[in-house]
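Handing you this structure, nothing more for now.
Chain IDs A, B, C, D and E follow the sequence of writing; residue 1 opens each chain.
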Amino acid sequence: MFSSSYKGRLMPVLLASAALALGGAIALPSFAAPDRGQEYFPLQSYRVGPYAAGGTGFFGGFIDYMNLINMRDGGVNGVKLTWNECETEYEVERGVECYERMKTQGNPGPAAMNPLSVGIAYALLDRSTSDKIPLITINHGRTDTTDGAVFPYIFPLLLNPWSEASAMVNYVAQRDGGLDKLRGRKIVVLYHGSPYGRETIPIFALLSQKYGFEVTEIEVPHPGNQQQSQWLQIQRIAPEFVILRGWGVMNPVALKTAQQVGFPADHIIGNIWSNSEEDVRPAGAAAVGYIALTDHPSGTEFPVVQEIIKTVYGANKGNLDDKSRIGSGYHTLGIINGILNVEALRIAQQHFGDKALSGEQVQWGFDHLDLDDKRIAELGATGLLPPIHVTCADHEGAGAVKFQQWDGQRWVTKTGWIQADRKLLRPLIEASANKYAAEHHITPRNCAKTS
Amino acid sequence: MSFFVDVLVGGLLSGVMYSLVALGFVLIYKTSGVLNFAQGAMVLFAALTFVSLTEHKLPFAVSLLVTLAIMVALGWLIERFVLKPLVNQSSITLFMATLGLSYVIEGAAQLLWGTEVHGLDLGIPDTPMQFGSVAISEFDLVAALIAATMVAALTLFFRTTRTGLAFRAVADDQLAAIAVGLRLSHVWAIAWALAGVVALVAGLLWGARLGVQFSLSTVVLKALPVLVLGGFDSIAGAIVGGLLIGAIEKSAEVYIGPFVGGGTEGWIAYVVALGFLLVRPAGLFGQRELVRA
Amino acid sequence: MSEPLLSVTNVGATYDNAILALSRVSLTVGAGEIVALLGANGAGKTTTLRAISNLLSAVHGQITGGHVTFDGRRTEKLGPAQLVAAGLAQVIEGRHCFPHLTVEENLIAGASALRIGRRQLAADVARIYGYFPQLRAKRRLPAALCSGGEQQMTAIGRALMARPRLLMLDEPTMGLAPLVAREIFHFLRALNRDENLSILVAEQNATLALRYADRAYVLEHGSVALAGASAEVRERDDVKHFYLGFEPRQRRQYSSLVSQVGT
Amino acid sequence: MSAERALLELRGIELSFGGVRALSSVDLTVREGDIHAIIGPNGAGKSSLLNVISGLYRPLAGTIAFAGKDYTHVPVSALAHLGIARTFQNLALFAGMSVRDNIVMGRAAFARSNFAENVLGLPRSRSDERESARRAEEIMDFLGLHAKGDRKVATLPYGLQKRVELGRALIAGPRLLLLDEPMAGMTAGEKLEMCRFIVEAKAEFHTTVVLIEHDIGVVMDLSDRVAVLDYGRKIADGPPDLIRADQKVIDAYIGVDHDERLVEAAV
Amino acid sequence: MRFWLVAALLAVALLVVPRVGNTYLFDAILTPFLALSLAGVGLNLLTGYAGQISVGSAAFMAIGAFAAYNFNLRVPHLPLLASFALAGLTAAAVGIVFGLPSLRLKGFYLLVSTLAAQYFVQWALTNFHWFANDDPSGVITAPQLAVAGIDFSSSAGRYVLSLAVVATLTFVALRLVHSQTGRNWMAVRDKDLAAAVIGVPIFRSKLLAFAISSFYCGVAGVLWAFAYLRTVESDGFTLDLSFRILFIIIIGGLASVRGAFFGAAFIVVLPLLLSRIGASFFGTTDSGIAELVEMILIGVLIIAFLIAEPAGLVSLWDRGRRRLARLLSFVPAPQS
């Protein structure tokens, strides 16, 4: 009575399609292979899964910028940019598979890897070093990779996590009228339960010791859609500020839960991954007044964004499906990431000639990446990113951030560039990097010589 | 003391949300013995469909009705194309099939409506109200109310309608149900459709709280310990289990969490459920022990 | 004689594709008849009834041959629900009341295969209470809490709710006190007489069944060993043999075996 | 012919399930070397009695003496070492295993090697395996199963599966063999063969047999003694000829007109 | 015949493949395939043979990985393979603890109890920083892989090392399931009552199954961490990974050591296959859509396989082989 009409026919269909699939996979090229003589940027992107919003915005911005360069300038000094995507879903295994699949493609090979995932970046640390492909972890990554002597191929550009923590503490101090006012204050750090989230645990402890504020660090398990008990705990501690080191869904949920327990939004300070429109919009009214740090302010008023709208989206080649997301935080970060990658290539070309370069050559460009206010203005990105000066020893190159507040519709910038206390951090970074070097038998290169 | 009450109340109310998800499991398990892992995906699918419809400028009520219709249709499709051909297979096979199903539903939901995070505003403010010294979010209260209404409605449905009667008959004794002329596949289809409706309600409430996005589908993992505690086949158990788990989880995180570095919420429910099981292997309200696949 | 209401022709059946349960069973039930199906445990009575109402597939069984005609229609393509709707109801072995449903709900569930309105349904339930007045008192009690006799009445009542023309019962007196068992058969006889309901009853208690039935079939090893009018069957000595193994020929075989080995 | 010594003695066994009385004050004495049958209508408590003897049910009251030792309930885990083996009414074979492995399993309690020895193939494990294999071959020869050794047991016809189950019980060389309907659902020919196995097993392994069987013809011919249960009580016990003539037994089986019976009881 | 086939296969895998393969083949396909196969063999011992469902395999992989890391770190001069074995033993010990509920629980209730293991272990490994040698991110990095002075750190080397470990343990598993231990497991699985009656120590057999299965998963975790990813955090050993391993044994075939390899091939290769087809089909337009279509397809395929071949790829394979053998033998099949 339960015999089902299609059951019997299923197996032949399955076998036939399996054969077809196998044949197809062998016959078809695995990607539209990058053309010879073009600069190849493999994208380990993620447009699905819990962090899809971040992925689509960031990689959308990156692709939009590369499209702009190709369409407006005909590439970088005549070298067209090319790319393809491999979906990682923010998962390490898939990231590794993508890396392995993409690293051999392109001629002369990939310019740089941009996985936008701390977990994946960790797994690629020695792989990309031994394969001589720069690994860009803009605004994130492992802090001690800032030490370019030990990690020549890893670039936590603009802002590493420790700088970020320091800048946030500095901002709190500035609001209160000086670092000496921090003594006795209570601060809670609410962080994402992942390597990214945990990266700053020791540094907050250090800062609290140095400035005498009381810090409680509370973890929110991945993906962060359950925070009630954490916020009840916060309610009990009653801190002056909550520093939110969130990611993806954790951010709106944090804001909503804060509202639920009655914690004021304007005393929550979000970090670099809690500062996009996608993080606050879903929280609705609960997000009004929320403050976040940024080094990639959102907005469409920047000339480079305008040009993308005009040239790329005008030609219907824009990457974002939802046009209202143009100029959102993730999107502008993607654009900035595009700028930095392209400029590194440009600088490397000055050294190696105007042609498609290998990863090893592009590394030279990143190692000498230097964008001052003038160059940033030429790029149409004034105010969009701080000046950056990368050196052999310093792969961060900036460490300055602005603070912005959400008014319910848009982010309103509240401060100019605020610097992290990089002098304080540098010895710690070096110590950590040297420990890594010792464990992994790496001989640091001599930066005094090369620069 | 008042803090403890705050925690307890907060826990109980979030437990209500767990119960809502667990309810969907119970409906299907009771009639067909399938542990439906795709329930979470159905929650996501329902919420995403609804919110996308409203974003396409459909009025609230129309969106609700359309989503309802889609969920019912989905239930029927699942019965027809997944469960029916798998009848008489071991329960582990059925479980794995629902896992596969969850991929399909999650994929389809996002393919249809995109992967962006959507805010969902049901017009219920999520701000605390003071009841004496205890602060309770209005949203939580409304959620609890809706959950209570739904349980009442389901109970009424089962007690008073003939479909409900058929449903209970199948849950009680399948062979006898066939012998009196009940069509199992009809009842199963209804169970899946109802589970879809429950998923819609859960999706709306969870979605309003968390934003409508991918991780909604992971709420299913919160429902499992609830089911263990309450018994896989008891509606009352789903409610009581949910409340218990919510309360235990929150108080543990607040009172024990700080001493062990926090994050106990991820497992405490399971460990409590496990400890409980060792004492009562069929759950609080469970009717019979399940035999291995 | 006109076409019988039910005719079973050479039906064979197995469980799990391995256990042979029936081989070539044939029987008929005429309109208005009470027919008894007798035999020892495991002779195939239950399987025969399940084969008739197409319940075998629900218990890992299958029909391997032959065919069943009910009211002139072949039944192999009909599902159990359709058969019930066509007027063939069964009280399955061991009663199988829905334990958590009340007595009244059990009865209502019996009408599942029919499309009838609420009022009609209430009238039908009242009719059952007419047959079994003691059920009315227990109408709100979960069936599991009723006595064995009441459960059997509930099960019979539930089957009658489908307004059958042929009622099949599988060991309706199993485990019941003698007086209750008699009461049940008495009731069946009355129902048959008053409403012209045809009945096929599988029963282990041959004496009791033969006293009420018009005709009887005796099953042995999954096939019909003996058939005839009740009185006739009652008088035959070999009925005893089917239960107590008096068949001389077979005995010899085993005995010789024993003596052979013993020496 | 058979010794008069009692191998198994049940005294005053009481058993009930959720208030329903399954066995009431049942006494049973099984003499060593006998085939002792237990018969009775459906639901009379025959299988329950077997489950009490094999320790699966714990009686409410009563004692069980086996080979001179008293138990309030028989420990299941020690059953094999006591020398008791049984078969089940509805086949309890290990469906996913081969015929040979099923039979070998009957010696599970007597394996001396542990898993580490098994993995490494140490002498003790090897001798275990050899011994088991040898005995399994013997049993399969005895039961006519040698051609089927590698077949998955679930693919065999029912009659053969019953035989495998008997083999699994026999390989342990039990002193007492409990058979729960070993011939149910068999054709006459299969029954005859099964009878032969039981009789031969008794002769060859000196096994005492307690047998539940519905085919009374078989029972009467095969058994040394027959006990009759009805409604959880033993209503008769004795040699087949006496049982056959016992009016209570006839009543219980064929059913009497209950009025008569009530009258009889009243008299 | 079969022995020679397997031997030939192994010889090719060990001698030929490392010479002709590229790093993509090793790092993205073969090494994860081997690690997952081993985990599948382990879970199959527990679920397929002993009949105890578990969705905690990833947790035991995590225990293995972290234990091996710590043994390597903290015990000087410990040979690499010894740390593998110790890691497996650690996982086995924890496995016994989480196997205790199997005394009383069955089916889905037991499944939920293994979920407790999954979450608790993941939490403990992240929360107590000692396990990751106080790395602030909770990430551990593989040590240099050297056995008896030979370095296995290259892609091909890691593949060969994995292959050797997996082949050895598979051999052991095969012996185990054909021994009294394996028979006891199957007896408990098929009819625990009958098993008890004939004297199988039920509880001890179940615990042994948990222990050995966890040992296998633990070693698989070491391979996953050391040979495949090289850098892992405990969050990488998710429930999703546990489910994948469960899929492997169900799709491959329960109670079949070979099945774990078939299943692992299916689970590792299918997504790659689909994503390759997807990439060429959708081009570079939107990897998201390709990914979602892929997700749906995987789900559909899983359901379809469960419906069409509930006994797993192994039985499909055996049927195919028999049919092929009949074709090749040129003897017409006997008419039945």
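Just so it is clear, a contact is a pair of C-beta atoms (placed from the backbone, for glycine too) under 8 Å apart; a residue touches a chain by one contact, two chains touch by 3 or more.
Being a predicted model, the structure only gives us computed values, none of them experimental.
Placing every chain at the mean of its C-alpha atoms, the farthest one from subunit B is found to be D. The chain with its Cα centre farthest from the Cα centre of subunit C is A.
A count of C-beta contacts for the chain pairs B-C and B-E puts B-E on top.
We define each chain's centre as the mean of its Cα atoms; on that basis subunit A and subunit B are separated by 35 Å. Mean C-alpha position of subunit A lies 34 Å from that of subunit E. Taking each chain's centre as the average of its CA atoms, subunit B and subunit D sit 49 Å apart. Centroids of subunit A and subunit D (each the mean of its C-alpha atoms) stand 73 Å apart. Among all residues of subunit E, those that touch two or more other chains are 123, 126, 189, 288, 292, 295, 301, 307.
Residue numbers of subunit C whose C-beta contacts span two or more other chains: 58, 79-80. Subunit B has residues 85, 88, 110, 115, 261-263, 266 in contact with two or more other chains. Put simply, subunit A touches subunit B in their complex at residues 2, 4, 6-7, 47-50, 52-53, 56, 193, 218-219, 221, 223-226, 228-230, 232-233, 235-236, 248-249, 252-253, 256, 259-262, 278, 281-284, 286, 321-322, 325.
Listed in rising order, the residues of subunit E touching subunit B in the complex are 47, 51, 53, 101, 104-109, 111-113, 115-116, 119-120, 122-123, 126-128, 189, 239, 243, 246-247, 250, 288-289, 292-296, 298-303, 306-307, 310. Taken in their complex, subunit E has these residues touching subunit D: 172, 175-176, 179-181, 183-184, 186-187, 189-191, 193-201, 208, 212, 255. Contacts from subunit C toward subunit D in the complex involve residues 18-21, 40-42, 171, 174-175, 178-179, 181-182, 204-209, 211, 221, 239-240, 243-247, 250-251, 253-255, 257-258, 261-262. The touching residues of subunit A, counted against subunit E in their complex, run 7, 10-11, 14, 21-22, 24-25, 28-32, 43, 45, 47-48, 52, 56, 83-87, 89, 91-93, 96-97, 100-101, 104, 118-119, 122-123, 125-127, 142, 193-196, 198-202, 221-222, 439-441.
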